[in-house]
Amino acid sequence: MNSAVNFEGVFPILVTPFMEDGQLDLESFDRLIRFMVELGVDGVTILGVLGESNRVTDRERERAVKAAVAAAGAKLPIVVGTSHRGTLATRELSQMAEELGAAAVMVTPSQEPGHNEERIYQYYRQVAEGMSLPIVVQDHPASTQVQMSVPLLLRLVEEVPQVACFKQESVPTPPKTRLLIEGMTQRKVPILTGLGALYGLFDLLSGSSGFMTGFAFPEVLMGMVKAMRGQQPEQVAAIYQRFLPLIVFEQQPGIAVRKEIFRLRGVITSSAVRHPGAGLQPFAAEQLQIILNQVLPGVDLTKPLTAAHVNGTEPG
Amino acid sequence: MNSAVNFEGVFPILVTPFMEDGQLDLESFDRLIRFMVELGVDGVTILGVLGESNRVTDRERERAVKAAVAAAGAKLPIVVGTSHRGTLATRELSQMAEELGAAAVMVTPSQEPGHNEERIYQYYRQVAEGMSLPIVVQDHPASTQVQMSVPLLLRLVEEVPQVACFKQESVPTPPKTRLLIEGMTQRKVPILTGLGALYGLFDLLSGSSGFMTGFAFPEVLMGMVKAMRGQQPEQVAAIYQRFLPLIVFEQQPGIAVRKEIFRLRGVITSSAVRHPGAGLQPFAAEQLQIILNQVLPGVDLTKPLTAAHVNGTEPG
Amino acid sequence: MNSAVNFEGVFPILVTPFMEDGQLDLESFDRLIRFMVELGVDGVTILGVLGESNRVTDRERERAVKAAVAAAGAKLPIVVGTSHRGTLATRELSQMAEELGAAAVMVTPSQEPGHNEERIYQYYRQVAEGMSLPIVVQDHPASTQVQMSVPLLLRLVEEVPQVACFKQESVPTPPKTRLLIEGMTQRKVPILTGLGALYGLFDLLSGSSGFMTGFAFPEVLMGMVKAMRGQQPEQVAAIYQRFLPLIVFEQQPGIAVRKEIFRLRGVITSSAVRHPGAGLQPFAAEQLQIILNQVLPGVDLTKPLTAAHVNGTEPG
Amino acid sequence: MNSAVNFEGVFPILVTPFMEDGQLDLESFDRLIRFMVELGVDGVTILGVLGESNRVTDRERERAVKAAVAAAGAKLPIVVGTSHRGTLATRELSQMAEELGAAAVMVTPSQEPGHNEERIYQYYRQVAEGMSLPIVVQDHPASTQVQMSVPLLLRLVEEVPQVACFKQESVPTPPKTRLLIEGMTQRKVPILTGLGALYGLFDLLSGSSGFMTGFAFPEVLMGMVKAMRGQQPEQVAAIYQRFLPLIVFEQQPGIAVRKEIFRLRGVITSSAVRHPGAGLQPFAAEQLQIILNQVLPGVDLTKPLTAAHVNGTEPG
């Protein structure tokens, strides 16, 4: 029952590309997955909040999973967000992901009147009973309005064998990450963090194993993880500081900025967000250009960043 | 483009029956629809909030619509809740309903960061462009966190021809109902109210055309509408007052009580609510029995209530 | 340390009268308190949510408490809402109430990022340490967004001696009331319910000891409590049913309706709600008149209702 | 009626120092104000959200304003947060601030059921009528849940003469700042931004006039504003980038980190947050030290940062 996926390193959360008229753009999606293979990330997560999973039908979801799995081949594990407000529906979407070749699912609970931790526990338990894929437990109160306590999370890791990773996004993340690591005395699972890597330095210093987030330059996060593994916290801090203006800009509410960056990187055709989601704000493209010029002056964004770019050992 | 459905009278919002293990119980659903035909209601609405539409997959949704349409035959228009957080997805679910034989759709907007009334307007406009069924615009801030102003609603009725009815549930409902009626100087559409008929008397006095709500004794609401049409407001008030303890009890948060009543009426097999929804609270069945004994003493609940029951002209 | 106040019976939550220009109307407040003495209620609560406590300065609060205590004399215990977002501030407001002659305080916790039950416990503990008045613990998630579990409430009653009453308003109230009563195996305190008595029948059947709420005809609630004490549940149900249309109408969001009724009863001069609170909605006065005519036809509202009015043993 | 205060530059929002037992620590407050004078900021704002204004009584508020005004003398304008849920109460607190010698007030509206922009407009109008101090309109939906549209804000600046500044904190801030600047065709007022300067670079590039926020190194923000005025956007970006890890760390939810920095700077005695506010999270002090070492290695924090520190022209 244990995961074949090693949840350490960098697992970009991918946007779902749409065309200007709102239709799924699977061609861009294919390019996006292949670009991730080229970058050498450890896996990707599709159909999360950033992937606008709440704006697609189940049929579109099926098409997206198929396309991602086909593009990734054996080179990249595909994690699929399968959260649904109904427990059985989450299970069914997870089973669908399994059948289509996904490597894992990411699941978050929903707000429910009179909710309590026992019911959240049962939610994961029942979802897990229906399939054998590893489960990434996403803890993201900002989008779910659900608070999961450290004892609940520890119970999940101890009693639900499929639980294979925590995606820790409950701010402030560093203390919760530490408390989880200290609390996992039996079975241990890795902790990845998200939030666009806004607190990436502090998260790594707290013991997280990497990132599962949507920052559009995964190379940067890979550089940070590599430096951390190499016991070079100053190098982690230096990379973080260099790219932080971009990280901050990118994590503003709304997902259009990230889509725009992938468009600038030549990977997706349109930065369109599906209605009624907010598109690129006025002046945002202009400001993005300023930041990119500051952080990556003169760099060809359509190519993977080199270690030199990330580490700043060559100009820009 | 105008509606074949006349949105006046009583359109019960139906629960979706599940078995104890959470699976769709289409046999009970069939019985429930036929029971509604027997009661002589003006239509039914399926897959609303009460119908746990947020806990079913699209495939289950398809099966439910098919079953309802088959059971109703030509005798009863089926209104289908098709709200989805994505505009195109709402349109697609609406098209699916149309293809499967539904008579209308009920649509409510979702909360969205940076939302504004122009975007809500576009949401309805784009959904409408995709199909020809009449649209019931549901205004229910308690479940959507979306406030729709009177000017927005009036714009919808004037500019979107498929808009055929307002389901007005923004408390306090009476002033908003009056302002809408006064404001519809061009095209007029009926206003139905919901909220379990909690404010039913006040709503009818304010000019609403009936009810689209989940109260488990539609006969009572039919009696009120009939008395209102017959210019007998005292009779409306008397029926309302007689059944109000039950109306109040039933509209408590959670939907298990309504399912339990339909179970007691012999229509559905189980009152199970799908996980993670809350089931029947402790003591609720007991208290329900007390209220039923008070309001309908000695009455066989498995049969439609007679006019005498509703009007109180025979004991119990 | 035990309460001199017996928290059983009917404790109306009072509105705070303002003049049309928004200034405190202490003359009306005096009349209101004396009217309560005349009705024979068991106590009154001032400066709760209904009393617009969140729209007055501390100085106005002081004037209001003084006026209430002076008007009540020894005839009526005055309970003062002293909730504040700061623990020490709640304590200080409670001490002020004590010095000014109040009989008890009513305290509710506030929503706080990262809140947990231990901190809520400490909130009550620290408030209690500062004074000797009995504390009514208000459990009203609708206004506070704070959920207090049954174990937390039981801990409060066991470990904080000043806790003297629960004001139970967490819907559905009946099961929570029962669980609290069953759980108080050591020290027992009475449970009063509120919510405008919307669930009054069910609350009394669940074991509550009466009401602490703003319904503008306390005589009705007194009649229900008396019938309950006399082991006449059918009579409780009959009174509840008779007045339920008014109860439902009155508990709509906004407090202007209650102020309007007290104005109609000749007790307060103006039904003005303090800006930016919402005043009487369009058509509300008109509808109120219809309901009053239905429920209390021909009754002089400026006089206390008689037992005959309440019990319906004489027409109107 | 026009403001004597020029709302351009840097106006730190100050914490309110408390002792370990929660009592006001006016001695530290005095030191804090004098430190600000020493730094040469353009003004300070007290009793905002960061100043825990929601946890103090009106009497404590009075003592805090007096202490601040006394410490500042003629050297520093004191802006006082006077927001209250009641319009008249906001006015009264503003009048109190005026009488005590404050230079301006900062006012934000509260969430109110059925709220609309006309009522928010009236809120400011009525507050303004009661006093002559300039008003800073704070637009911070994260703490107020109130959305104020650009047209509403423009109406305020045109019709309420006391409105002298916008504190713009509605994310994403840059487009709203630009739209406001473009929209102020008649009377123009400066726009300051907050949010701990998280988007400080983008805000200045969008045309804001500076900062009104709680970042505990105002010298850094002063350096950015100075570089901006000197037409050196690259220098603004460089300073921003250098200090961004600290800015990000500091703006995490909770205010304890900022208090801890002022304690480390030798200005306040304790970093205690008033109960029930959250104190310093586990590991936060440790991580703060790491960041400070990275951003300001070897610097004596108890002294004002020099231009060299800010601009990075000398090591650390």
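What to note about this one:
By letter and in written order, the chains are A, B, C and D; residue numbering begins at 1 in each of them.
The working rule: a contact is a pair of C-beta atoms (placed from the backbone, for glycine too) under 8 Å apart; a residue touches a chain by one contact, two chains touch by 3 or more.
What you see is a predicted model, and the numbers here were worked out from it, not measured in a lab.
Chains that touch both chain A and chain B: there are none.
Using the average of C-alpha coordinates as each chain's centre, D ends up farthest from chain B.
Between the Cα centres of chain B and chain D there is a gap of 49 Å. Rounded to whole angstrom units, the spacing between the C-alpha centres of chain B and chain C is 34. Measuring from the averaged C-alpha position of chain C to that of chain D gives a distance of 39 Å. The residues of chain C that reach two or more other chains are 253-254, listed in rising order.
Taken chain by chain, the contacts form a single closed ring in which each chain touches exactly two others. Chains touching one another, given as pairs, are A-B, A-D, B-C, C-D. Contact residues on chain D toward chain A in their complex (touch as defined above): 171-172, 174-175, 178-179, 198-199, 201-202, 205-206, 234, 237, 240-242, 244-245, 248-249, 252-254, 281-284, 287, 290, 294. Residues 22-23, 52, 54-60, 84-89, 92-93, 109-110, 112-115, 119-120, 122-123, 126, 253-254, 274-278 of chain B are the ones touching chain A in the complex.
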